[in-house]
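I am attaching a structure below and will ask some questions about it afterwards.
Chains: A, B, C, D and E, in written order; residue numbering restarts at 1 for each.
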Amino acid sequence: MEMLKVENLNVYYGNIHALKDMSLTVNEGEIVSLIGANGAGKSTLMLSIMHQIPAKTGKVLFQGKDCLTQKTFDIVKEGMTLVPEGRHVFPRTSVQDNLLLGAYYRRDKSEVKKDLNRIYEMFPRLQERRRQLAGTLSGGEQQMLATARALMSRPKMLLLDEPSMGLAPIIVDQIFDTIVRINKEGTTILLVEQNANQALRIADRGYVLETGEKTMEDAADKLLANDQIREAYLGA
Amino acid sequence: MSEVLLSTQNLSKSFGGIMANKDINFHINRGEIVAIIGPNGSGKTTFYNLLTGITRCSGGTITFEGKNITGKKPQEITKLGISRTFQNIRLFGTLSVAQNIEIARHCRTSSTMWDALWHTKKYGTEKEENAEAVERCMEYVGIADKKDWKATNLPYGMQRKLEIARALATDPKLILLDEPAAGMNPKEKEELMDIIRKLSSDGYSVILIEHAMRVVMNIADRISVFNYGEKIADGLPTEIRENPVVIQAYLGKGASADGNA
Amino acid sequence: MAVFLQQVVNGLAQGGIYALIAIGWTTVFGIVGVMNWTHGEVYMLGAYVGFFLTTYSGMGMVPALLLSMGAGAIIAVLIDQFGYVPLRKRGTLARSGFITALGLSTFLRYSANAAFSADPRVYPALMEYHPITLFSIGGTAVTINSLHLIILIGTFIIMVVLQLFFTRTIIGKAMLAGSQDMKTLALMGADSEKLIKITFAISGALGAAAGFFMGMLYTIYPTMGALAGLKGWACAILGGIGSISGSLVGGVLIGIAEALTSGFVSTGYKDAISFVIMILVLLIKPTGLMGYKFEEKV
Amino acid sequence: GAAGSSQSGSGSSSGSGSSGTAATVSEIHVGNVNPLSGDSALYGNDQSRGFGMAIEEINAAGGVNGAKIVLDDYDDQGDAQKAAQGAQKFADDDSYYAIIGSSLSNCTLAMTPITDDAGIVEMVVSSSSPSLHGCSDYFFRMAVQDDQVGPQMAKALIDKGYKSVTVLYPSNDYGNNLDKNLEEYAKSNGLTVLDSIAYNASDQDFTAICTTVKNEAPEAVALCGTVQDSSLLINQLKAAGVDAFLMGGTSLYNSKALEIAGSNMEGVGCISVYISSNPADKVQNFVSKYKEKYNETPDAFAALAYDEGYVFADACKKAMDDNGGKLTREGIMKALKETNYTGVTGTVTYDDSNEWIRDYLVLEVKDGEFQLAS
Amino acid sequence: MKKIHISLRKPQAGELKANRKVIAVCVVLAAMLFICFLDDFTPSGRVIPNYFKYVIVVSLIYSVASLGINFYSGYQGDTSLGHAVFFGTGAYVTAYLTTQFSGINFWASILIGMAFSAVLSLPVAWAGSRVKGSFMVVITYGYCEIFRYLAINSNTLGGTAGMAGIPSPKIFGVRITKIPWLPSNKDGFILILMAIVGFLALFTYRIVNSRVGYALAAVREDEIAAYAMGVNVKAYKRLAIITSAVITSVAGSFYAGFTNVADPSLFGATLSITIFTMLVIGGRRSISGAILGAFIVVICPELLRYVQDLIGLPFDPWYILYGLMLVIIMRFKPEGLLGTKES
């Protein structure tokens, strides 16, 4: 079943045409990777799916419902959430409260508590720092927090924008493991990564973006094997 | 040429109860590229903040070119010849690329309001020198064609390069780079590595914080490893790669780290 | 000694009103991040609404007070809607919010001046207020005006409730988080616009209540919001901006400082003293008395 | 201030200043520079109303030798620089023959150099600052004299047999002068001044002062402020349980005081230049008309300004008659110096410094009304 | 791979703009001189009313103040609602010295006023190194109000009425209001103030494009990065406020010399806000904007008085419109009328 469907999306920043007729589908249970150079429009796509920035034309359907007519918070309530690029933790709020805010609209208090403990097991560093103001965390710790916070909402679909940025290799591995695990547990994933190699390895399918346009889409292993892709994005 | 350029003795910093840096003994020789790696929150950025005087240390000393520079103000340290980039990019956003770099010339110039008002000779020569330096630094990192762009409008990778150019414009002896490769794709990382190698061959000393192992392993002469605010290892890339403690705390299973992060 | 204590009590009484204004300031600033200079005007308009209700429809104190608070809430929400919402949409609130507020406040103040005329107005007597003896020292009674006492207790209760709301409930936490990053708050599934409207409504209602009480105690006039608004802001900052309990502490401290200055130095310097204290405290403890320190991480 | 006929100052006039080319005029414009908005608007409005009523009557009765007097407003908002700007505007325009205002001394101080320079008459009914004394040949003052009112208040208290007084005054020019003169008089006439306490004119909360006063327990309290602060003080003094005799200055004689202080006004005394209950026809006529128009009893400022209107009209008439029907600014100035007009506030005459010195009345509130003290 | 290029500014366009600026300056200059001297050549005497010239002088005085605050609230970037302190200091120093000491002339009093203002600006600089943003707004506001209360309560400074009778300045022994070859008593002021405004514009322009100006820009944009680039942030903050205070003080002195009075409102927050909004309306960091802002805020209310009379409004619409104007400018042109846009 199609979980997310983007059709002919056009997005502008002033007169910069940042996304051109972008179309993409993510099926339920899939991991889909987006790769592309700096400035290709990956983050723009993620933000417009969440209706954080307006699109000029096109459609975004999440479980058949039009996202472009909904406010961001409604989309989140429908079950899709985003870990934005650049962390965006609430700097003057404690780590724990940041995590609780991730579960803002959930009413199942006891489950939230369990999830919180699960997160702390996953990222012991965050537990150590749970009273600290998030803004004083190191860059990598903030990145962990941002991802963990999104997990707190138990989304049906999770959009991740460069979740490995600034993380130690060991944590990067852990994040990728986590992505695979929650995917197995039933969360559909749309993943943007500079670290294309690793991203494609865990993905089912992949899309390649260039200057706002989709230039290729294929099964992940096919993309991994593609020479052009290898040269441009994976490093020789 | 193994003269020590900068060293720290038992450098420490605590935030409340957290020891962000603990008795760090570190040194870098002239012309060297030393990488600092370590888990998130191990105190690498804090270490930079101490070296550049942005944060005051709670203990220990910093020696630069044989002089004790502990407790000096950031602007004084820059003038002495240590310059840095920031993990969270801190450009002068609304200013142009060229202006960003010209500001960095501040510590190497001295004309006053009086000179500026009457356009004295000193003002003129300094303006010319600055223009040259700006040109040179932009070319160094390859952003000369973006001269008049506003800094915030640059793509991410370029912003990182501009930070390096700006650091370079202060005529430093030592450059501190904080995760310069973050958010760059493999191709851009290659370009970055070229720039850092060039810096080294031009006589600059470089300390590099980086999680991208391919970059670190390829260009560092030496690697220091931090964990929980302490320096837990120091050695050649080949040694560090095999070090079980480092693997356990930092590198993880994918230690071979081909094309990693 | 009795005189000294009486002056302290006088200050406490006036401080209650300052605190009421300050809480309105601090909630909006703490959550929406805009220095809502129009707060003084909401206070003034609240006072006028109360005046018209009590004078022309002969309403009693409690219903008139509640209606004024409702009006204040609506006015504050409208101010947000027409003043700040467009800026938030364009993302220029941080840069242009304060000057917009300054403009709106000027606009409202002088519109009120045109509509109501500059003549000071007087509330009809709404309640018997008489001095209540708190305690006596050496045969001299230290008293407080009954209305002042009501205001003081009311402010204290409001403070406690709001404090609990912001620190204990997820909605309160979300409001505080919104002050740091509205866009990301939406990603948590929170309707930030709604939270902001709630904030303005609370702030407006409190401001109007303060205005109403001022009307009961003194006279009201279109420019009354200027100094009172600023005093409220000073108290909020003194107490630590964003801290609800800080507002009460700040309000009471400035109230007492003013009373002591009037009583023992010179009334001429009363207002100056509150500014002097505020500036000194800020310089010694830049976060205010109860504010916490947040250092930007480099 | 809705006089539609005001011409813009530019280009409409030729010939400079007060040259003798003045023709017979059909309209005599008067500039009104006063605070009409802002915190001091109360005074400006009272003056505009009083003067306005006078010229309305004069115009209705055929004007000055057929010429109508027209009052044009310039709101100085209590700001000296704006007042000066207003003075300059009217002074430049030859159709203006006089300027009234401003109510506030600091504004008037900024205006007199300009009016003096332009040779245009400036008339005030307040602006009681002593530094304006004799500042210009063209400056005429019918104001309440600070150096008279203070002693009058003290004298009234002494006459009533009080021995001690605490003085409360706003820390502005007016308050300072009243206090100074009151204290001087009191000291040399056996009235003990226990304390004199200054406050900011814009203050509303006086509980601290009241506590001090209560503690000092004077027999009388002298209130040297304006209506608003004095009335609030009366309220708060009573609330604090001060039972001394309260004596106000001239500005307390205002219906606003009864409105603000209500029943607390009972038994409070004050000084005035006139009283609206004066049975004289002229006064009753003025008071009833004023009440009808503005729905309040005229205070001293309004009454003075009303007389000022007539004084001005008389001067215009005399100036015209003396100059073959032609009106000049200088002529008005000369005519004003010879003023002798009996109005609602007494008989107006100017001394060598263009000041009017006059008698005062002592009033007291009885049954919710100001009445002559027995 | 294609890249999106945004051409920010073509060089020719920049030059054109510079040329246009020069032309604009010349036009304004010519217009002013025309206003000053026109009456010398008209046979029938006064054509341009003194009132009009009065407004021009006041506008020029405020232009000086507005250029002054530009150094602080423009180039250094902190909001100040306290510049009346320096305006008032200039005015009161001139008032006090010229009325109490016959030996001190106006010009000397300007210099002394500048020195006083410089000293009084140091606490602001000190505060600025400890707190930021909205805290500075209230500190500066409170700071000037404190001085207003001091003036109100000070007998030496004349209390609420202030000081009157300040003599008009003299040049070479001739009163500036009585220069024989000028048609009116305002023209002397207009000429001198024009020269001062011109000099300040040049001064500002050159400083801003120099090492000092760049350092201020760095401080404004990012203090930490500025430190890291070797800029002594505190020193430059101090420099900005002192420069700003000293210039504003000159405006105050001229104000006193021109209107012949100084009263406590010159220390008041209302005046501070006026000076600040002049800059904001014209455009922070814009020299022409600062001057334009001053002219707008001084001239508009005067124009509105005519409108008010014409349509018979019973109240003064200026402040209502002024408030609206601020709101509208912030919404549609937040950088101010002549300011440059920050994307």
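One rule holds for everything that comes next: contacts are C-beta pairs under 8 Å (C-beta built on N, C-alpha and C of every residue); 3 or more make two chains touch, one makes a residue touch a chain.
Values in this document were obtained by computation on a predicted structure and should not be read as measured data.
Colleague: So which chains count as neighbours of both chain D and chain E?
Modeller: Chains in contact with chain D as well as chain E: C.
Colleague: Report back the single chain whose CA centre is most distant from the CA centre of chain E.
Modeller: That would be chain A.
Colleague: If you tally contacting C-beta pairs, which pair wins, B-C or A-C?
Modeller: If we tally the C-beta pairs in contact for B-C and A-C, the bigger total goes to A-C.
Colleague: Per the centroid of Cα atoms for each chain, what is the distance between chain B and chain D, given in Å?
Modeller: 74
Colleague: Would you mind pulling out the distance in Å between where the CA atoms of chain C average out and where those of chain D do?
Modeller: Computed from C-alpha means, the inter-chain centre distance equals 37 Å.
Colleague: With chain centres taken as the means of their Cα atoms, state the distance from chain C to chain E in Å.
Modeller: 33
Colleague: Can you give the whole-Å distance between the Cα centres of chain A and chain E?
Modeller: Measuring from centre to centre gives 51 Å for this pair.
Colleague: Mind pulling the residue numbers of chain B that touch at least two other chains?
Modeller: 45, 54, 86, 88, 90, in rising order.
Colleague: Of all residues in chain C, which are in touch with two or more distinct other chains?
Modeller: 110, 113, 266, 268, 271, 296, 298
Colleague: Going by the contact rule already set, what residues in chain A reach two or more other chains?
Modeller: Expected reply: 37, 39, 136-138.
Colleague: Taking the touch rule as given, give the residues of chain D at its contact with chain E in the complex, in rising order.
Modeller: Chain D reaches chain E through residues 1-4, 6, 8-11, 14-16, 36-37, 72, 74-75, 77-81, 84-85, 88-89, 91-93, 105-106, 109-110, 113, 117, 129, 131, 171-173, 176, 198, 200-201.
Colleague: Name, in rising order, each residue of chain E that touches chain B in their complex.
Modeller: Chain E residues touching chain B: 6, 8-9, 202-203, 206-207, 209-215, 217-218, 221-222, 224-233, 239, 243, 342-343.
Colleague: So in the complex, the part of chain C that touches chain E is made up of which residues?
Modeller: Residues in contact with chain E: 29, 35, 83, 86-87, 90, 92, 95-96, 98-100, 102-111, 113-114, 230, 233-234, 237, 241, 266, 268-269, 271-272, 275-276, 278-279, 282-283, 286, 296, 298.
Colleague: Provide the residue numbers of chain B that touch chain A in the complex, in ascending order.
Modeller: 15, 18, 37-42, 44-45, 87-88, 155-157, 179, 182-190, 211, 213-214, 249-255, 257, 259-261
Colleague: Quick one: which bits of chain E touch chain D in the complex? Just the residue numbers, please.
Modeller: For chain E paired with chain D, touching residues are 44-52, 54-55, 58, 149, 152-153, 155, 159-162, 164-165, 185, 255, 259-261, 263, 265, 302, 305-306, 309-310, 312-316, 319.
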